[in-house]
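Lettered A, B and C in written order, each chain numbered from 1.
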Amino acid sequence: MIKYFKSIKARDPAARHFVQIILLYPGVQAMFFYRIARFFYIIKLKLIAELIMYIVRIFTHIEIHPGAKIGKRLFIDHGSGVVIGETTVIGDDCTIYQGVTLGGKGTSHGKRHPTLGNNVLVGAGAKILGNIKIGNNVKIGANTTVLHDIEDNKTVVGVKGKVIN
Amino acid sequence: MIKYFKSIKARDPAARHFVQIILLYPGVQAMFFYRIARFFYIIKLKLIAELIMYIVRIFTHIEIHPGAKIGKRLFIDHGSGVVIGETTVIGDDCTIYQGVTLGGKGTSHGKRHPTLGNNVLVGAGAKILGNIKIGNNVKIGANTTVLHDIEDNKTVVGVKGKVIN
Amino acid sequence: MIKYFKSIKARDPAARHFVQIILLYPGVQAMFFYRIARFFYIIKLKLIAELIMYIVRIFTHIEIHPGAKIGKRLFIDHGSGVVIGETTVIGDDCTIYQGVTLGGKGTSHGKRHPTLGNNVLVGAGAKILGNIKIGNNVKIGANTTVLHDIEDNKTVVGVKGKVIN
């Protein structure tokens, strides 16, 4: 727990102390309730698990399906609009910003959401879709769409704005 | 109604039964209250209509202007950050994901938001802007910006992320 | 105040009268509470300032750090998912749409968020990142990512969707 808060202070210059992080960080609150909902999901009380995350979504604006498998110290910063799908797998020490989707593409059943390695950083508004693998230490730029596997240690970006006059 | 729930189960692999959909799907709840607000809008009680949708936005994170004309079985999946403008027209059996805007561009009055045909699918984060026509069965990819008419049966995509190292 | 409401009516064709704007515009409400939170931030009661904006975020879906310096008549339209970082500076008469981030890139301390001039318009979903300068009267298109300075009077756009079949 202490390690988690320390890692957040290292990742967010606006973080000041533990009380502030617990009280005011929707991403920390969402992860706390996700761990509880995950327990209910595993013992097959799926509706309770989903109901917890439905309520959490209302006040954190973060939607995490309790079926997702999430490693240690995930930091969802700001977090408005984040959607993490049912069959997503996330490694340790990842950072996800507001507006990110780890989602599906299509209506097939089974594993249909991404798998992220360790220490992955996903920029604001990025959409990672389908049953794809994102390697360790990958960085994904803001508003980037990713539909294919990405190897370890790579940086993926979209297109920067162009001045037209 | 039954047909609506069946169509959602066909479109979302995480949907399990009707009770779950009614309790836990913000997009279904937003559409339910939109139908009520729409009634008040049509009988010229605009402020009541807008107040209903203001409250609905707080807990669903979906903003639908009661002036929008929406066909049958629209499924707004996840839905955080969706904005549907006042003069939008949407056909039947459309699917819209989180972060989508059906909006205007500029400050002109009159019809200034898009018209979507039937069976249109709009991916997460896509922005469709202006008084344009999106044909039947069109698919629009995640994070895509659309500013012009699209013919029936087309697929429109933005740019995929590029590995830069 | 009257001037602010008049400027909103000029910028949003769906705005009808002052009561409607006060009751139903999350962006107006967020700015009202930001001014109060900003006062507490300046007198060094940072936790109170941040707590106010945490609560405001829950019902407006707009996240403004009380450290941000914001000029007159900022209009945040719709506003879901907007994030404005701690060291952001915004001039007068700017307009920001839903899903916009004025954020940082990286974990450096000090001034790390953008500075916007006067009369800047930022389209839905645009991400403006880093300690960069956006000149007066600049327009930034929907879903555009901006990582460098932009001169006065320029328009910056991303990539429009392409039909692929």
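Just so it is clear, a contact is a pair of C-beta atoms (placed from the backbone, for glycine too) under 8 Å apart; a residue touches a chain by one contact, two chains touch by 3 or more.
Since we're looking at a predicted model, the values are computed, not measured.
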| item | value |
| --- | --- |
| Touch-based graph of the chains, sorted into line, ring, star, complete or other | complete |
| Copies chain B and chain C touch via same or different residues, half shared test | different |
| Chain centre separation (chain B, chain C; CA means) in Å | 24 |
| For chain A, residues that touch 2 or more chains besides their own | 61, 80-81, 99, 125, 141, 143, 158-159 |
| Interfacial residue positions of chain B with respect to chain C in the complex | 46-47, 50-51, 54, 57-58, 61, 63, 65, 67, 80-83, 85-86, 99, 101, 103-105, 107-109, 112, 125-127, 129, 140-141, 143-148, 150-151, 153-159 |
| Contact set on chain B toward chain A in their complex | 10-14, 16, 19-20, 23-24, 26, 59, 61, 78, 80-81, 97-99, 123-125, 141-143, 158-165 |
